[in-house]
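Have a look at the structure that comes next, please.
We just call them A, B, C and D in the order they show up, numbering each chain from 1.
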Amino acid sequence: MLTLSQALNSGLRRAMEDDDKVLLMGEDVGRLGGVFRVTDGLQKDFGEARVVDTTLAESGIIGTAIGLALRGYRPVCEIQFDGFVYPAFNQIVSQLAKMRARTGGRTALPVVVRIPVGGGIGAVEHHSESNEAYFAHTAGLRVVYCASPDDAHWMIRQALAGDDPVIFYEPKRRYWVKGEVTTAGPPLPLDRARTVRPGTDVTLLTYGGTVATCVAAAEAAAPEGRDIEVIDLRSISPLDVATIEESVRRTGRAVVVHEAPTFAGFGAEVVAQVTSRCFYSLEAPVERVGGFNLPYPPAKVEEEYLPDLDRILDAVDRVLAA
Amino acid sequence: MLTLSQALNSGLRRAMEDDDKVLLMGEDVGRLGGVFRVTDGLQKDFGEARVVDTTLAESGIIGTAIGLALRGYRPVCEIQFDGFVYPAFNQIVSQLAKMRARTGGRTALPVVVRIPVGGGIGAVEHHSESNEAYFAHTAGLRVVYCASPDDAHWMIRQALAGDDPVIFYEPKRRYWVKGEVTTAGPPLPLDRARTVRPGTDVTLLTYGGTVATCVAAAEAAAPEGRDIEVIDLRSISPLDVATIEESVRRTGRAVVVHEAPTFAGFGAEVVAQVTSRCFYSLEAPVERVGGFNLPYPPAKVEEEYLPDLDRILDAVDRVLAA
Amino acid sequence: MTTVDLADPPVTNPFAGTTGLPRTSEGWTQLVTPDGRLHPDVDADHDALGRLTRDLYRGMRLARRLDDEAFALQRQGELGLWLQCRGQEAAQVGSVAAVRADDYVFPSYREHAAALWRGIGPADLLRQWRGVAHSGWDPEPYSFHIYTLVLAAQLLHATGYALGVQRDGSDTVVVTYFGDGAASEGDASEAMNIAAVNDAPMVFFCQNNQWAISTPTSSQTRTPIHRRGAGFGLRGEWVDGNDVLAVYAVTSAVTEHARSGNGPAIVEATTYRMGGHSTSDDPTRYRTDDELETWRARDPLARVEALMRAEGWSDEAFLGEVQAEADEIADRTRRECLALAAPDLADAFATVLADVPQLLREERDAFVAYRASFLD
Amino acid sequence: MTTVDLADPPVTNPFAGTTGLPRTSEGWTQLVTPDGRLHPDVDADHDALGRLTRDLYRGMRLARRLDDEAFALQRQGELGLWLQCRGQEAAQVGSVAAVRADDYVFPSYREHAAALWRGIGPADLLRQWRGVAHSGWDPEPYSFHIYTLVLAAQLLHATGYALGVQRDGSDTVVVTYFGDGAASEGDASEAMNIAAVNDAPMVFFCQNNQWAISTPTSSQTRTPIHRRGAGFGLRGEWVDGNDVLAVYAVTSAVTEHARSGNGPAIVEATTYRMGGHSTSDDPTRYRTDDELETWRARDPLARVEALMRAEGWSDEAFLGEVQAEADEIADRTRRECLALAAPDLADAFATVLADVPQLLREERDAFVAYRASFLD
């Protein structure tokens, strides 16, 4: 049993052993092992040339990672907290994402950008953001969310094995949750959704920090006779629409759950996909449960802000009542 | 009759006459009058302290505008082209948008960020982007799109009269289109959508550069007996859901049209709002017509990439066929 | 019970008009040696210097006490996080005391000593670290902006503010604080360049406390940070940041220089972060006890105490008085901290924009109704 | 018809080992006066210097001709946009010739003369300006990255590439070009700082052509841009950018310095953008005829011609040969431009990611079917 943080660590370690072009870089990833200890011990074992404490400059981190990738390296950049990716936005959106298309497919940039994401850890401002919608809307990036130690381990390895830039989200409040890591090989391709709990009455579509919340909600509702299916989307771009479509056609009802504010959030895309693909199977409009459309609030009230079991079941009740 | 560019110019001029705290700042907005001549002649008339050619640093432009606003000024920042707003993303998203909420409502930042937006002008890469979804998803910003000279003139004045930060989009390919500017006063509040063409069969929901395209499509379809309503959303955040809801409940069918790639684009939010508000009136799933989910392509093929009359009518046919 | 007066004490500059402040072999301006001896070349009225020193000492001591108490409160679970300013009191108090009360300050997030000097009280200083708000105080009465957590962002705000001051024809100077790490961000360089090219009335005050979390300054920059002044065209000064009189003298000089229209300056104050980066940090992972000991021996408070003793500027009564005030600050800090209650999330909906648009209103109303449903 | 050989001509450095290059009173390194006289202190083999000068002249002349032809093509509607390098040929050819053919170059968007020297042909140079692609060439064979239009972004790519070179133990040097305007972007400063702190084998080559669109350098920076070198800890050099020999000599020196592990440098080449910013620009709105005339008199091509005449390095045959090559380049530019056809948008769907995921496949198939429906 490993924590999600340890599972990432072991995944990174394996990737570094398998390919000496893999580099880790970011603020405090070396001696400190990162503020969440995801890279703990790796500088000691792989040296300062492969686990690099960068200067404090996020645009610099992504920009130099692009240069390293052009030289044949496979950098994994850690952004210390979600709210600090914005100084690198230009390098990510205009350079990292577009390089392959700009070169007519010639130039790949295998750069992985790891972002500890989301709230629920009692942090101060800028340390609890869920900004996946920005990157999901950016063609040329893969955007994935791990939600369990098993996925954390395998998805980071898959991200590094591929040739595309990947925004790799790690839900902070799940870093310390333990779970098995399978050893036989990756349980699923990187871009596939997973049905984490089968059900017949309604489909919960979610990812990251709220996967566990949705499963808990489903379990809580079971004794009352509501049989809820939970799908962990895992890859939000590209999105595994086939898995979603199959499920909602069957259940006829869906609720999308994520931490980010709902307005123009990624949930809107899921609603649009479900509605267009399953229109004639839908018994009720797809509901969204997310953060409120406010800047992330102070820690003392974040539990009210984040989708919890009750708010999810409230939405389930609404789609079932329709 | 003024062009959209001239109408903006006259709106800015009036705002500067009315309030000497209004400043214009940006790259080449002074002596040159901006690459689209929106600020033409204003430095000559108001001086270099009020129309400022900044250094070439977008983060610097927005960051110093925030400081100027804290000192009581009302800066209007020009971002030279849509694709160059990203270096300022951090200042916009973490500082400009959040300051009011961070201070419990105390500190307003009346900063207007003008962005010439979108394609259709045969430009090179990074000069044709439609990035409104990023800002629409950011609580604390108003995001508006002008589409006619009349709106250009009045919306820029309304943006400047308010106390909120506004992302003010100006569709580049409409800069030279002429139209009347009313003199009586603002025809509509800043945050209201406008029904630019009433109709009964289907509602086209759009904004910016594609408003004229939608109207043309509606006109083209009229002789064939299709009566299409066209709504210019104007303000995408906040979104005037009342106007949308009223229309689609009536028509039972809707198509969202914008230039941006559709995936996780703003159209998804419109689809989600329409679907949840008008579910039982909808005869067909809401269609989206937008840019393809690629980085904006080279100029020689942009006409195929952008939603045109045919693609819009094709979508109209689909929702009518359902 | 006395009430500590937190209003920025009026201070007169004993160094006004003096030139050629003494420097160490490293090139730092230093007026007081680490063991508390006044440099013989310091040419200032002895009594005025004594009064100044006592004022500064009081500010540093009160800040140390507040900082310690806040640290304890965090350890007891009353604060979510705290970033100690321990070790940096001379850099902060020396600089903030050197500028006028209406000179506008844009701090980073560790400037508790500077904030306290300006009269910002414990409740306001602790609020955001307790997780009940995102910012602590109303900037206006203190001419002291809220903390900025996104590194270097405030340097541009300060620069913009200074451009506004310039337009207003005011003689205010703007001071902004940042760290050795933040100096690497693009925003820091953009700000210095904009300030320089516009002759903005500003002081960029860098507290080089040797660390940015676990990253030492040597991994952050090849040159001392004040050299960037020359690169961009600002006046650059280097000062022993643990010598409060040197910090005061240098900051006074560059502030008046800027006030007179001679352009902005960058000051690098060499100091040390004696605590961890924050209460979440474990500095034993990256720095040695030896290093810590070396810098403990340079504790800026100990230096002022030694100086005051040596120069006859302190007596039992004065030290006792400051001690009593510090005790009171500690008390207040605890009391005010515990009184800081969580806000109502429903109120946040009215703080996003100047009005509450339809969608947000619907959302708030639904939230309030939903929450009420649990009370039934 | 001869075929112009565009392969980077092998050049030997006649300045190797020389020290103390002459400077003007402004502080620029200058070996040849504007009227074409060789500075008496230039201590290099005369014949070798002659050969070098002729090679550089040829590169400059061919670039000028390509640039003129592309400009004409734009005016005739065959290109959507063109950014002339006229006036900057000495800065570009002098610098690119001074580095090894395998030293890796990250250009901005105006480095046509440098690109041509490296062997990148007209079709590749014009492609993106005709609107048929976003980039022109495969960087690998030329060790010359595609153009970057987002200002200063490439400085970080170059720095990262240099960090890779360093890890590989290679002796490649990385050169990146940028303008006086781009120097104000945060990315430029972050790159210099990262390069300095890592001793990256790099040359930051700034063509200060006096203007960033309509913004003069004086509104962009308070100090000469090369001074930032000292600010961040890079070697800084200032050179007369219209003196191709001076540019060559200075670039050789800093490149070999970097190659030997002595760290990065910034070179500021003072030059002039003789055309508008781009074919969309109207420079009469912001600059005077007088200024233009002053700089026309400093045309870098005229200077080399005068020098070659004075030193006996050119004759009719040589000039005629270069003229013929230039004519051929002009021809090729026109021919290759007209042959550049629009791509098929359907192909773009396969260039976004390494594979074409389901949604994109659906979208492409729908687009192809929709397009085909018009053919019926």
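FYI, a contact is a pair of C-beta atoms (placed from the backbone, for glycine too) under 8 Å apart; a residue touches a chain by one contact, two chains touch by 3 or more.
The structure displayed is predicted, hence computed values, not measured ones.
Engineer: Farthest chain from chain B, going by the mean of C-alpha atoms per chain?
Structural biologist: Of all the other chains, the one whose centre lies farthest from chain B is C.
Engineer: Nearest whole angstrom, what separates the Cα centre of chain A from the Cα centre of chain B?
Structural biologist: Roughly 30 Å separates the two chain centres.
Engineer: Just the number, please: Cα centre separation of chain B and chain D in whole Å.
Structural biologist: 37
Engineer: Using mean C-alpha positions as chain centres, tell me how far chain C is from chain D in Å, no decimals.
Structural biologist: 46
Engineer: Between chain B and chain C, what is the gap in Å from one C-alpha centre to the other?
Structural biologist: Computed value for the inter-centroid distance: 41 Å.
Engineer: What are the residue numbers in chain C that touch two or more other chains?
Structural biologist: Touching at least two other chains: 133-134, 150, 184-187, 190, 193, 197, 219-221, 343, 348, 351-352, 359-360.
Engineer: Please list all residues of chain A that touch 2 or more other chains.
Structural biologist: 55, 57, 59-60, 83, 86-87, 90, 94, 98, 101-102, 125-126, 139-140, 239, 263, 293-295
Engineer: Which of line, ring, star, complete or other matches the graph of chains that touch?
Structural biologist: complete
Engineer: Can you list the residues on chain D that touch chain C in the complex?
Structural biologist: Touch residues, chain D against chain C: 184-190, 193, 196-197, 219-223, 227-234.
Engineer: Enumerate the contact residues on chain A facing chain D in the complex.
Structural biologist: Against chain D, the touching part of chain A is residues 49, 54-55, 57, 59-60, 62-73, 87, 90-91, 94-95, 98, 100-108, 139-140, 142, 162-164, 191, 238-242.
Engineer: Using the touch definition up top, name the residues of chain A that touch chain C in the complex.
Structural biologist: Residues in contact with chain C: 27-28, 30-33, 35, 53, 55-60, 83-84, 86-87, 122-126, 263, 292-295, 297-301, 304-305, 310-311, 314.
Engineer: Per the contact definition, I'd like the list of chain C residues that touch chain A in the complex.
Structural biologist: Listed in rising order, the residues of chain C that touch chain A are 80-81, 128-134, 149-151, 181-187, 212-215, 219-221, 280, 285-286, 342-345, 348-349, 351-352, 359-360, 363, 367, 370-371, 374.
Engineer: Which residues of chain C touch chain B once you look at their complex with the stated criterion?
Structural biologist: Answer in residue numbers: 106, 133-135, 138-139, 145-146, 148, 150, 153, 155-165, 167-168, 186-187, 190-191, 193-194, 197, 343, 347-348, 350-354, 357-360.
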